[in-house]
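Look for subunit A in each of the two complexes below; its partner is subunit B in the first and subunit C in the second.
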Partner chain A sequence: MKKGILLFAYNTEFDYVNLAVICAKRLKKHLGLPITLVTDNKKLIKDSEFFDNVIELEDLSNQQKRFYNGIDSQVFTWKNLTRVYSYDLSPYDKTLVVDVDYIVNSDFLLKCMDLQADFLIFKEYNDLAKTRKNHQFEYITNFGIPFYWATVFVFEKNKKNEIFFNLLKFIKENWDYYRLIYEISDTKFRNDFAFSIAIHIISGYTTNSFYNTFPGKIHLVQDRDFLIKSAENSLLFLVEDERCQNNYSPILVNNLDVHVMNKFNILEVLS
Partner chain B sequence: MTEDIKKAFDLANRMIVLSNQKASLLDEFEQSTLFFHNGGCFKINQTLISFVTALEDLNQSTVVLIDQNNTPILIEDLNKFKQDIINCYFQASNKYLVEYQKVQHNRDIKSILDL
Partner chain C sequence: MTRGHLIFAQNSDVDYVRQAYALALTIKKLNKINSVCLVTNDLVEEKYKPAFDYIIDIPFGDRSTKSIWKIENRWQLIYASPFDETLVYDSDMILLNSNDHYWEILNDQDIAFTEKVKDYRQNQIQDKILRKCFVENNLPNIYFGLHYFKKTTAAFEFYKWLEIITKDYKSYYSKFTPKSTQPFCSMDVSSAIALKLLDNYCCPYNPLNFIHMKKELQGWNKLPSRWHKSMFVNYTSEGTLYLSNILQQGLFHYTEDEFLSDEIITKIENL
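For the complex of A and B:
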């Protein structure tokens, strides 16, 4: 079975392609699997040695989103509409799709690729700032369905997953309808929500998920936190105290993969 | 602010760092005690080790165990599986102990967070 990794990176006002290079470097080191990058302009890739394959595909999205870098923030274009085409785009039999702001420090995902599961996704999360409670990462709305992370997922090419991704595309094309049905107030299309809705529908409109989850939790720091230093398999963060804004405390993480939401910081520290 | 109160706030800040670090070590331990075998994933804990030991005591050599995702996984060599999970558990718990003591006894925050 041919296994590989699929990354998506579209440069906007922010250099996502460079972020993809940083991500790919770590994926090659820890997982050693072939990597395919989906982007809209091959010429923007400065360091292509980490990509085995590049697919050019336009993302016509013009969504605007506020991105935080600690206490500063800027509104940028947010291109996230092509991830639902993962099934059609992947040249592999078993594919790992990873967000480019997911910093890999271990071979955990490689071991997960060998699990007897044709689809894996994270449901549980671990905010490294332990004092924070994030209801929005547990359910998509206050009275909504469980939240699943589209940040990292594994899928095998088979009929079941083809149907799942076709449903995802349908949800994307009819986003206004589905976001209203599921009482999502934000108009922006968000992959986490679309995946959560698709999993809910395909599980027979129940919360008994038809799909397997990754063992353990997705470790994360939020966009108001800072990555300040990195070494071999370690990352040092400053995480914000929920009770007191602009009050930060340090935390050192070893051998754990972390979803670092402050993308600016990744470029500054890991470039 | 008196010197005593300043010391109390300094201690509070130090305790936040220690608490974060202990939590981070526990996260690492939790991940290190996930054991992947024959397409399944098992959380190694006292329960799993005891159960596997009990099965072996009942002269079982090939068994089916239910993994983290409720998938039945065939364990063809139970004795080897037991040795592997025990080794993995000891390795992870010893590392946890060493790092935990470093955090507990080191008075210098900078050296705890040294990369």
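For the complex of A and C:
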């Protein structure tokens, strides 16, 4: 079975392709699997040695989203519409899809690729700040269905997953309908929501999903937090205290993969 | 050995007979064992009567003339029931799937109470806020809203205790629930005290459960004033209920009378 990794990176006002290079470098080091990058302009890749394959595909999205870098923020274009084509694009039999802001520090995902599971996704999360309540990561809305993370997932090519990804594409194409049905007020298409909705539908509209989840939780820091330092397999963060904004605590993690939502910070520290 | 379903309904500012009618229709539609008995001292409208196989007066008269919730007569259920084995329901419920399987599972029991309730997302409710009285006084965590009894000596003994406790609930509550004492008579607390006094209640394979829609139990981040007005409620013409697009299964305890709109009643009548 041919295994590999699929990354998506579209430069906007923000240099996502450079972020993909940082991400790929760490994936090569810890997982050693072939990597395919999906992007809209090959020429923007300055350091292509970490990519075994590049697929050019346009993303015509013009969504605008506010991105935070600690207390500062900027509104940028957000191109996220091609991830639902992962099944069609992947050249591998078993594929790991990783967000380029997911910082790999261990071989955890490699071990997950060997599990007897044809689909894996994170449902539960661990906010490294510990003190924060994040209802938005538990359910997609106050009254809504459980939240699944499209940040990292594994899928095998088979009929069941083909149906799943076809449904995802359908949800994307009919986003206004689905977001209304699922009471999502934000008009922007979001992969986490689309995956959560697809899992919910395929699970018979119940919350008892038959999709496998990764062992453990997705570890994360939020976009108001800061990555301060990186050394070997350790990361040092400053995380904001929910009860006292602008009050930060240091957190050091070793050999732990972390979803770092402050993308600006990744470029600053890990470039 | 006769088996049947019993609903106790005494109108106050709420038309509980109307609720009982809707529940009876769903029981009749979904179950093979579907005899339904209504116990009431109210005049029952002609249009409601076909839903019930028995309409029986409260055997020993109304002892709740000063009460709003009219629960003081519930100890009379065992004397009212025309069945050897009875499933008792609160009236503000509708059945969404057959519960015919309960009978064989509960056949060895004299009496059985719901011990586990779920929210609409199918999470088991860990109610430590509204059930402080149970937790702090080490009472069995039971719900009177759905329970089973067989007309045996042991079951009659339970209901005799329930009569005694209900009639003198202030004394019993102060003695058996000194912590977080409820100031009003509750069938859940009274039944739990009765079971504690009998000291031999055990139901190892208890299938009884229901979806409890008390809004405080749903794990919501923001509490709505009325759940049925705040979320997407879809009761289909096939009798399937979705809340925020989540399929509801089993027995649904809606708790808010306004949920049972004329439109839903019409759909239930046409099932």
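Brief remarks on what is shown
Convention: the second predicted complex is superposed on the first by the 271 of 271 C-alpha atoms of A that agree within 3 Å, B and C clash if a C-alpha of one lies under 4 Å from a C-alpha of the other, contacts with A are read in each partner's own complex, and residues count from 1 in each chain.
Heads up, the rule we're going with is that contacts are C-beta pairs under 8 Å (C-beta built on N, C-alpha and C of every residue); 3 or more make two chains touch, one makes a residue touch a chain.
This one's a predicted model, so the numbers in the text were calculated from it and none came from an experiment.
In the superposition on chain A, A:89 makes contact with neither subunit B nor subunit C.
Counting the residues of subunit A that each partner touches, subunit B and subunit C differ, and the larger count belongs to B. With both structures placed on the common chain, the touch criterion links A:252 to subunit B but leaves subunit C unconnected.
By the touch criterion defined above, A:167 reaches neither subunit B nor subunit C.
With both structures placed on the common chain, the touch criterion links A:181 to subunit C but leaves subunit B unconnected.
In the overlay built on the shared chain, the residue A:215 is in contact with subunit B alone; subunit C does not reach it.
Look at A:145: by the touch rule set out above, it reaches subunit C but stays clear of subunit B. Those residues of subunit B whose C-beta lies close enough to touch subunit A in the complex are 13, 16-17, 19-21, 23-24, 27-28, 30-32, 34, 36, 39-41, 43, 68-69, 71, 73, 109, 112-113, 115.
Chain contact summary for the complex, subunit A toward subunit B: residues 106, 108, 111-112, 114-117, 126, 128-130, 212-213, 215-216, 219, 229-231, 234, 236, 239, 241, 249-256. Within the complex formed with subunit A, the subunit C residues making contact are 121-123, 220-222, 230-232, 242-247, 249.
Those residues of subunit A that touch subunit C in the complex are listed here as 133, 135, 139, 141-146, 181-183, 200, 204-208.
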